[in-house]
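In the two complexes below, chain A is the common chain; its partner is chain B in one and chain C in the other.
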Partner chain A sequence: MTFWSQALEIARVDLSVERRVGETMRVVLPFAVVSLLVFPIALGLQVSVVGEIGPAVFWALGVLFGMQVALRQSAADSPERRDLQALVGVDPAARFVGRTLSGAVLTFAFLMALFIAMVVFYGPSLPPGSVPALFLSSSLFAIGLTELGTLAGEITAGIRNRTALASLIVAPLALPLVIGASQTLEALVRGESILPWVLLMIANGLALAVLGVALAKPLEEAAR
Partner chain B sequence: MDLVASLDGVGVSLGGRPVLRGITLTLTSGEVIGISGANGSGKTTLIRTLATLQRPSDGNGAILGVDIRASDLVNVRKQIGLIGHTPALVPELSLRENLTHVARLAGLDEARVGPVLDVVGLDEASDRRADVASFGMKRRIEVAHLLLRKPQLLLLDEAASGLDSSATDLIDALIATTTDRGGATIMVSHDRSYLDAKCQRTMVLATGQLEVVN
Partner chain C sequence: MSRIRVLFGLAALLMAVGLWLALNAPPDALQGEYSRLINIHVPSLWLAFLAFGVTALGSMMWLIRKRPRWDRLAAASVEVGVLFTGIGLVTGMIWGHAVWGIAWDWGDPRLASTAVMFFVYLGYMALRGAIDDPVTRARRSAILGVVAFVQVPLVYFSVNLFRTLHPTQSVRPDGSTMPDEMLIAMLVNVVAFTVLYIALMAARIDVAIAEEGADSEQALAGDAVKPPKISEVEDV
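Entry: the complex of A and B
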């Protein structure tokens, strides 16, 4: 069994479990959409201002609820499953990659659904080229956030308050991703190049990938 | 006789508390040994140490010729089969999907999944989700994992507890096939009479130390 076969099998099973449990699209997404509605009401904004804050609210909710997707319970292995994986020869780095793949697919789908809801509720005026830029920034954001979430999940594996603790690790470290993703759309509005922000997210994603793969085995063994 | 497992003065501490002390045992090819002990005596910790899933804090040991403190245990772990207290299944997948998943992760022939399900008597119930399957069915799937993987060292931690006679027969058959391959088995149970009936040697684990009794 190769590294990539193991990674793809773990991703396949994660997505299969998510399809049956619906934690992302049937639980997290509705909460995020309701939160979209709450923001303008809580801030008492006029209709004309609502459109201007739409993209910022989208990214704020994207990182908050995206963390829940990245740290979803259905992607947390029980100690018994981790033992079984060790005994059948699963490479911890392959598990990190597989889990990142499945999480990134789900986070991307979540962001797309949330963006559509934001456009419907807030009616922002989006500059030309927004859609391809959004696809690119959302993809990189989803990959980076999931890498961070998976890494935090590995660090906190076996701890009872795993989700709360992992969120505390992810939130501050997700700052470069939030800046990169939100500034991509802002750069388009200002008529500037999006390249620096895209490069920031790519560099962040690559650094987290290297860190995740390198730390996977030591983290696994440290837990024993 | 080939040495399958050996521990020499092994101690394990969990959270700063010593759980096992000075454990010394050898297991040779074809042997079936039993270890009994009261709740909390360290039976599961000993099984996990033999499975290389728990690092010892003292002493030395080897499993199938590999030092249990080695940094790379991937290949030796593939030769170890473990049935623990809680079945290691993905609750949202069916019993068949669980078995197929393990076969894929281990790089085993998926074509053997159907025949193995038949052997463990789950062919008709294989589409049942693991979270609604009975404990006995989950145990049968774990036996199926091991029939697929064919380990050389079989570790059974209260594996027969709560099972009906046909399921315990399957565990007996699993032990027999492991022995026939030249492997060895360690069974752990709080039931001394069960171990006396099934094992060539039995030991008692008390306050973290092993005593040979039979």
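Entry: the complex of A and C
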């Protein structure tokens, strides 16, 4: 099997497992939507203010719950499964790429569903061109966050308090993604170019992809 | 006298000189006496960037060479770096409260990104604390040490990338924007803090070596119990 066919096969298996388990859409998404409802209630905000903070709350919840998608239990391999993959000659870099692909697809779907919920509950006034910009920024955000989540998931595999520790590692490192994604919509509101923010997310995603592939072998050894 | 004492002595001497120069440099026309905080704030954050750079280097070298000394170097440097990042944040907030009228300004990306950098390396320390096996700990920390460094240039250049109240770099390749007395005081303090960093690193690495020695010599429950030899076992 070639590198890409290995990566695509791993992504396909991950998505099949997720379709069966439903961790993202049946557990994480409803929890994120509940959190979306909690914000205005807790802050006691007026209707007009709720619309203004909607996109910011969306990205804040996007990073917090997107981490849970990236670190989902169904994407954590058991030691036996890792040994099996090593024996059949799965390239660790292909494993990283495949896992990132499946995680990015799930995170993107999660973000789209959360965005629709945000629009319904918060009613923000979105500037023209928001939808294509949102698609672009959400895709880059999903890829970057999943790369980080995959790296953190491998680094913390088998450790007690894994979820909390991996979240502590991912949340601060995701800052460039949050800045890039939130400023893309802000730039549209101000009538400015979104290019610098898109480039920031692309640069971040590329740097993480290069690191993930370069460190795939030590990551594989580390996770045992 | 041990080399660590010499280093700490040298650092104390240089810091005394730096303090004297800082207190005798003219105050800034707008910031007044608060401008003297630059003599702690800038060297602290310079050390933080240096420390996290050394961590990335130590981590990369561990991944290549697998020698324990590179892991010790990376781990010691993170601890010192986190300490100085904390000092840099606190002095920056004191300065911001006095000069901007607010300790924490959300419009300042340098402040927010430095705080984030602080938490990234706290996560690194938490990861180290969660793993008992030395090789697994070294391997996983080395990977995080390399990945975590990705955001350090963003923190450093945030004052250039974003419109912010935070002053940009005062010392540039084309010269300095500071008066000579203030510049000399700041540079002496940078040197003093760097020597202090080397002393702290040397001391921390010595402690790490001693800890490793103690761990390997530590008796385990049951160590004193010897299995009987076959010849000593009587038939029942």
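The rule is short, and it goes like this: the second predicted complex is superposed on the first by the 221 of 224 C-alpha atoms of A that agree within 3 Å, B and C clash if a C-alpha of one lies under 4 Å from a C-alpha of the other, contacts with A are read in each partner's own complex, and residues count from 1 in each chain.
Please note the rule applied: a contact is a pair of C-beta atoms (placed from the backbone, for glycine too) under 8 Å apart; a residue touches a chain by one contact, two chains touch by 3 or more.
All figures in this text were calculated on a predicted structure; none of them were measured in a lab.
Applying the stated contact rule after C-alpha superposition, one finds that A:Val90 touches chain B and leaves chain C untouched. Of the two partner chains placed by superposition, only chain C is touched by A:Leu151; chain B is not. Within the superposed three-chain model, A:Ala207 lies in touch with chain C and out of touch with chain B [touch as defined at top].
Look at A:Leu195: by the touch rule set out above, it reaches neither chain B nor chain C. Looking at the shared chain after the overlay, A:Leu43 reaches neither chain B nor chain C.
By the touch criterion defined above, A:Val34 reaches neither chain B nor chain C. For the contact definition in use here, the residues of chain A common to its chain B contact set and its chain C contact set are 221.
On the side of chain A, the complex with chain C involves touching residues 151, 154-156, 159-161, 165, 168-169, 171-173, 175-176, 179, 204, 207-208, 211, 215, 218-219, 221-222.
Of all residues in chain B, those touching chain A in their complex are 48, 51, 53-55, 71, 74-75, 77-78, 80-82, 84, 86-90, 92-93, 97, 101-102, 104-107, 145, 149. For chain C in complex with chain A, the touching residues are 63, 109, 112-113, 116-117, 119-120, 122-124, 126-127, 130-131, 136, 139-140, 142-144, 146-148, 150-151, 154.
Taken together, the chain A residues at the contact with chain B in this complex read 1, 5-6, 9-10, 13, 16-17, 20-21, 74, 78, 80-81, 83-91, 221, 224.
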